[in-house]
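Structures incoming, each one as structure tokens.
Below, chain A partners chain B and then partners chain C, in two separate complexes.
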Partner chain A sequence: MLGSARKGYSTMGELTAIGFKPGSSPLHRLDPRTKQLVLMALSVTTLWADVPFLVVNSMVMMVLFHSAHLHARRLFLEIRYFLFFLFFVFVVRAVSFSDQMFPVITPNEAAEALTVCWRLLLIVFMGVLLMSTTRTADIRAALIWGMKPLPFVNERMAATMVGLVVRFLPLILFQANEIGDAMRARGIERRRNPLIRLIKFTTTLFRRVFLRADELVDTMQARCYSEHRTLPELSFSRNDIIAIGVGILVLLSAC
Partner chain B sequence: MDTSTKQLKLMVYATMMATLTAVGAYIAIPIGPVPIVLQNLFVMMAGLLLGGRWGLTSVGVYLLAGAIGLPVFAGGTGGIGKFVGPTGGYLLGFAAAAYVIGMISQRGKGSVAVDVFAMIVGTFIIYFFGVSWLKIVTGMSISKAVAVGMLPFLIGDVLKIAAAIPIVKSLRPIIAGNIDVHRTGA
Partner chain C sequence: MSIAPEHKPVSIIETSNLCHCFSDGTKSLSDISLTFNTGEFTVIAGANGSGKTTLLRHFNGLLFPESGTVSVSGKSVKKDPMAARKQVGMVFQDAESQIVGDTVYDDVAFGPENLRLQRAQIDRRVSQALSDVNLTGFEERCPHHLSGGEKRRLAIAGVLAMTPRVLLMDEPFSNLDYPSTCTVLSQVVKLHEEGHTIIITTHDLEKVIAHAQRLVVMEKGCVVRDGLPEEVIVGIEQFGIRPPCSVQLGKGIQPWVN
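Up next is the complex of A and B:
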């Protein structure tokens, strides 16, 4: 949708293809609340875990990816930007400088750097697994359920706002590209002051977006907008209890 | 304008700012050798244009959208795992920065000097959260974390603050025509 990076204005990525993939795997059938709870617990544990836990966690991940029919090649393609970041983290962690200012990599530091990268990669994999096996509407409903006890948070308004972000993200991205193209066509790249590009681009984009916002308000009012909308029904099942049990066992292997 | 209409307008503006923040993660403008990503400029503008409370709401919705897995974070990623990943600190810093920038700016009632001060404070809040978390997660020394997670971006931040002033000056009348953030203390 966004096209490749071009001179002048460029997009740093594209809307990722990692999204919900319909299926009937055990993960697909779980309640989104269970998945989010287990994911959060495993993510936090993984950050400080040792190699044995990472091995167990990686094996569980491989089984889950296989059962959800997610292919490794596509997965690595989608997270390629994050892999660059991991490489950067590895270099910064592993390379030190000798007295003569030569870069040196010791086996111990390299092993530690690899462990850090392994942990970060697993956390990203867990996020991908959740996104690929859970509908956005279900995750949204789970979040509303989770936010209910929070004071000062209107969970229904938050859900409506997230729904609008989903709707307008591709439209505004498209507009941003259009503005970039229009400015290039008018020779913005020939302006010497680099700030001019930034100011002109941002001002135009914001003006158009706020104009659209006013239209949206009128539209919502015309359709008698209300915060009370029907949400998907969530229910815990026996599979959720089993999943939480497996999650606890995996967590215990970190001790 | 009645209260419910004003509330709805603020809600929609905050949503649009959240969407723009997400869009900012995708767009880069090459100025010098390093392209400038617009995301934290848009976070600062959320605070400046909408005030503390709605600026925070806007960034909160952006983070929530990312938490449920929408591809709104840098590099087109999303998911709750990003919050405990190496860049999770910056994400939380965005929320704190938008709130503080908005609160300071509201007290300045549109003064350029106060707005600049607010953005400098906000920028350091983002780095405080971001670099601290980066250090914890990757186990780097504080000097390495600062060298990797803060110093390369400071020049870009100065440019963004310089650009934000005229942008906000031209946009405030549009917003103020509908909701007066500074007068209502929204």
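Up next is the complex of A and C:
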């Protein structure tokens, strides 16, 4: 968690690779409802899709990342903790034990485990693409639109909660990086017990995040925050029809 | 001699015997009774922990009194905090923490959207507020990519878009370099000239005192001095506040920048 010094890491100005970046790429110009719809459809399909679909999906992802000016290296750096999780998933799925209780990895199980990790990684990348190219306010407005027909759901509150998570996930990641840097500057790496390092890191992070949340509440209240706010105006365009068409084609490749 | 009605000062914020305690029991404000008039430029000075920020938060309805009252335009802030917040805008010390939008436009539009204005009206207000703080053309920029001075001006724009009558600013010059301080200062002076009521808290009088009409000094949660800056500033060191250089050199209060 508090590993060696990182190169070219984000400043407050850059925040993190995860989070909205203003731009004019085709994805930026799409209606958020279209993006959410395609994301959901592709995510569900990805969960059970085979390798050919994953290849097609990965290629589409690469094109979209390039057009949205997102750098793969920065992104992998940002999601490094998730990569640890994927490694854990791989080990759990791929390693089995022989009769003598020796751990063994068969090619078939390894391939299957890799496919599972690939699927999960693609879903995360799709989420990052949505967050990077869609304003939080637009995500919230699209969620309110989508949840409105659902009974017993306070769509505004639910959308606000999702919006806050999307908006402040990059800030929390930034805080984590800052705290990591500050601890390394005071020689935390000399502590050999990883549990102590983890406790010091997480308690400081939680304290900072809660303080930040308090500050946020104050600043939002000071500007008359209300759940019933004026929503951004959403409108479908020809680009959305094309995007849905491309999404359907990609989905068909799973068949 | 009677005062002509148009010259009669109109109070906008009033506190009466305001007391406040923190949750640990520490008394942060004691018996504060102040009146702020429309169009007034007031500086509230005091050392760290003197209660300046806590006092500001009462004006904006972010805190409520333990005892005593705070009213804005004659209405109790405790009874109707939303009404107070519409009239009294607050710029926080940490401009970064005030950023809630993904773009400069979104951030400035946050307040008017909360007021449930029509989109066209929101656009007009955002445009005007950004123009007021010389940030026109920054609409699609990421707020986190702005410089410290620009972020502070963005925070001011975010408040101006709500068209408040009073502008509260908590240490508006902290962490700013010389050019940014000059820009923010000139914006504040301009806003006052346009008729806004300005209340600024600071522990550093140097930059702003020449423009203020009133100086309130706080110490340990109490108001210890209140009056014209040139009168109040004499002997102000005793309250942990550094007098401006010009005052120390015996030249009286002089503007920080020409």
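The working rule: the second predicted complex is superposed on the first by the 164 of 255 C-alpha atoms of A that agree within 3 Å, B and C clash if a C-alpha of one lies under 4 Å from a C-alpha of the other, contacts with A are read in each partner's own complex, and residues count from 1 in each chain.
FYI, a residue touches a chain if its C-beta (ideal position, glycine included) is under 8 Å from a C-beta of that chain, and two chains touch if they have at least 3 such contacts.
Because the structure is a prediction, the values reported are computed rather than measured.
K.L.:
In the superposed model, which partner reaches more residues of chain A, chain B or chain C?
P.N.:
Counting residues of chain A touched by each partner, the higher count goes to B.
K.L.:
Pick one for A:L173: touches chain B only (first), chain C only (second), both, or neither.
P.N.:
first
K.L.:
Looking at the overlay, what does A:Y81 touch: chain B (first), chain C (second), both, or neither?
P.N.:
Only chain B is touched by A:Y81; chain C is not.
K.L.:
Looking at the overlay, what does A:Y225 touch: chain B (first), chain C (second), both, or neither?
P.N.:
It touches chain B and chain C both.
K.L.:
Contact-wise, after the overlay, does A:V209 reach chain B, chain C, both or neither (first, second, both, neither)?
P.N.:
A:V209 contacts chain B only, not chain C.
K.L.:
Look at A:V51 in the shared chain and tell me whether it touches chain B only, chain C only, both, or neither; answer first, second, both or neither.
P.N.:
A:V51 contacts neither chain B nor chain C.
K.L.:
Which partner chains sit in contact with A:A72 here, chain B, chain C, both or neither? Use first/second/both/neither.
P.N.:
In the superposed model, A:A72 contacts neither chain B nor chain C.
K.L.:
Applying the document's definition of touch, where does A:L252 land relative to chain B and chain C: first, second, both, or neither?
P.N.:
Touch partners of A:L252: none, neither chain B nor chain C.
K.L.:
Is A:T136 contacted by the first partner chain B, the second partner chain C, both or neither?
P.N.:
It touches chain B and chain C both.
K.L.:
Once the complexes are superposed, what residues of chain A are shared between the chain B interface and the chain C interface?
P.N.:
Overlap of chain B and chain C footprints on chain A: residues 12-15, 19, 136, 212, 216, 220-221, 225.
K.L.:
For chain B, which residues count as touching chain A in their complex?
P.N.:
5, 8-9, 11-16, 18-20, 22-23, 25-32, 35-38, 41, 45, 57, 60-62, 64-65, 67-72, 74-82, 84-86, 137-140, 144, 148, 159-160, 162-163, 166-167, 170-171, 174-175, 178
K.L.:
Of all residues in chain A, which touch chain B in the complex?
P.N.:
Result: residues 2, 7-16, 18-19, 36, 39-40, 43-44, 47, 79, 81-82, 85, 88-89, 92-93, 112, 116, 120, 123-124, 126-128, 130-131, 134, 136, 139-140, 143, 157-158, 160-162, 164-166, 168-169, 172-173, 176, 180, 194-195, 197-199, 201-203, 205-207, 209-210, 212-214, 216-217, 220-221, 225 of chain A touch chain B.
K.L.:
Residues of chain A touching chain C in their complex?
P.N.:
Listed in rising order, the residues are 12-15, 19-22, 135-137, 167, 212, 215-216, 218-226, 228-231, 233.
K.L.:
With touch defined as at the start, can you tell me which chain C residues reach chain A in the complex?
P.N.:
So the residues of chain C touching chain A come out as 57, 60-62, 82, 85-86, 89-90, 92, 94, 96-98, 100-103, 106, 110-119, 122, 140-142, 144-145, 158-159, 162.
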